[in-house]
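Per-chain numbering from 1; labels A, B, C and D assigned in written order.
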Amino acid sequence: MPAYQPQDPDFADRVRESFARQSIMDLLGARMTRVEPGEVEIELPFRPDLCQQHGFFHAGVTSTIADSAGGYAGFSLFPAEASVLTVEFKVNLLAPADGEMLRAIGRVIKTGRTLTVTEAEVTVVKNGSARACAHMVQTLMCLEGRPDMPTAG
Amino acid sequence: MPAYQPQDPDFADRVRESFARQSIMDLLGARMTRVEPGEVEIELPFRPDLCQQHGFFHAGVTSTIADSAGGYAGFSLFPAEASVLTVEFKVNLLAPADGEMLRAIGRVIKTGRTLTVTEAEVTVVKNGSARACAHMVQTLMCLEGRPDMPTAG
Amino acid sequence: MPAYQPQDPDFADRVRESFARQSIMDLLGARMTRVEPGEVEIELPFRPDLCQQHGFFHAGVTSTIADSAGGYAGFSLFPAEASVLTVEFKVNLLAPADGEMLRAIGRVIKTGRTLTVTEAEVTVVKNGSARACAHMVQTLMCLEGRPDMPTAG
Amino acid sequence: MPAYQPQDPDFADRVRESFARQSIMDLLGARMTRVEPGEVEIELPFRPDLCQQHGFFHAGVTSTIADSAGGYAGFSLFPAEASVLTVEFKVNLLAPADGEMLRAIGRVIKTGRTLTVTEAEVTVVKNGSARACAHMVQTLMCLEGRPDMPTAG
């Protein structure tokens, strides 16, 4: 894995502040547990209202934290005055997401001026041991000159 | 589009009953608005707690209803005693999901004994007019002989 | 399907001229059989040297003509002074490509200034009847101001 | 990366024999340069008849060797009496494939009785130095009891 140099020294604050504005993360109960240049971790404890029909985490929930983990991994390397858009992502579901916590680690694979490619590994923790449950690959777009700002009140 | 013959005459009840057990749909506020052989529609009204950092529906939310719309489109053609697993899906995000309602229509592209391929079109309705915002392609697995049953209490 | 307005009235010549420079198409024996605004068809007759281990068209060959069909469908709507890059594509292989000819039809799903999304349906013709064998979804990038020119000799 | 235990001690011969029957590899000039349990490498020297319109390796050619590298990485872990089918794959094109050789390394991410997930990294070698040009993720299906045999003459 390459070590990335962030363009913005305040990248971690910028990432955490933007994540805090993703209201769906509050609804699900997800927290950002680590921010490094080009790598972000999100954790989501199990709740019975996050499930598909068999009582496991819904694949859409898995994808939601994978998308944000990959998206903010990319965003951490963007210039300060820029926004991030997800262009597309693909998720392979490797095993049922059966456990007490989901953990998504997003990492940048390739940076570019306009497009960035990331991947995310999602593991599910059951009885304290982690098991791979999803693998995501994602394309992001960097919108330069459009700060990812809170809307004025 | 081909017209599909369901193997199970009670497919619509089976689909709706299974969807009702997806607890995440209640949390998000999604409803299944149409079930036909090989085609399912899910709608999700806007709420401020379903958003990404700019106040639009989060791409993970869009993907959650697309995954279920595609998954139940496939499940509608399965035999009565079978479960459905999502193997993988890919979402292209065509436009920001900015509006008062999301609508996902899942359709079967190809049936097979083990694997089924579906696609879903997601539109966002703003001021009453619909606009394409996401396109999904998905692979499903049919687990025959494993009924998609509510767990005994 | 929407009807697209090409920006360049000479789009068909531009597409055919660029396709003629894709040397791999000659090697495989593929021909461009139709060019319309936002839609392109490529055909490839069977040859025993285009196969995977069971004697069917290799999935990579199927993907090659699907990628070009989608890419030129997008390129047909680009301005005259622009190049096209494939950002990513995904192929679902729906059935073995067993037959005497492959036909890929690429269509634009969504246009944008920078990114265009296309899909391609690939059918295989056997004993005169066509059967779906692959479905592709693709993201293209438009490089404005960089004409897709033959390199000067 | 996990170390995989092959089910068939003759996996390498079985892989190389099957690869030798992929006639498209001869046409392109690709060779299998390494076979390990769950990991396969394919190399393809540049030729002017493998190109897209700008004179680089065509994305379909890149995908062809990535598909086979991933497919045979999975096949190496299958039982002796089994065939492999590609269910789907996705390729992100990270940089133009501009160079004197392509190298695809396919690796198994997840094994399963029916489905196997792999990834492939494709690099392009230019003036002796390698650069990532494509990333693939792939789902394979194992057809047990159907030996991947040469057709009787």
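General remarks:
Please note the rule applied: a residue touches a chain if its C-beta (ideal position, glycine included) is under 8 Å from a C-beta of that chain, and two chains touch if they have at least 3 such contacts.
Just so you know, these numbers come straight off a predicted model, no measurement behind them.
Counted as hops between touching chains, the shortest connection from chain B to chain D is 1. Common neighbours of chain B and chain C under the contact rule above are A, D. Ranked by how far their CA centres sit from the centre of chain A, the chains are topped by C. Centroids of chain A and chain D (each the mean of its C-alpha atoms) stand 29 Å apart. Look at where the CA atoms of chain A average out and do the same for chain C: the two points lie 33 Å apart. Measuring from the averaged C-alpha position of chain A to that of chain B gives a distance of 22 Å.
Counting partner chains per residue, chain A has residues 87-88, 90, 92, 139 touching two or more of them. Residue ranges of chain A in contact with chain B, taken from their complex: 18-19, 21-24, 26-27, 48-55, 58-61, 63-68, 83, 85-93, 96, 148, 151.
In the complex of the two chains, the chain B residues touching chain C come out as 90, 92, 94-95, 109-110, 117, 119, 132, 135, 137, 139. Per the touch definition, chain C reaches chain A in the complex via residues 87-88, 90, 114-115, 139, 141.
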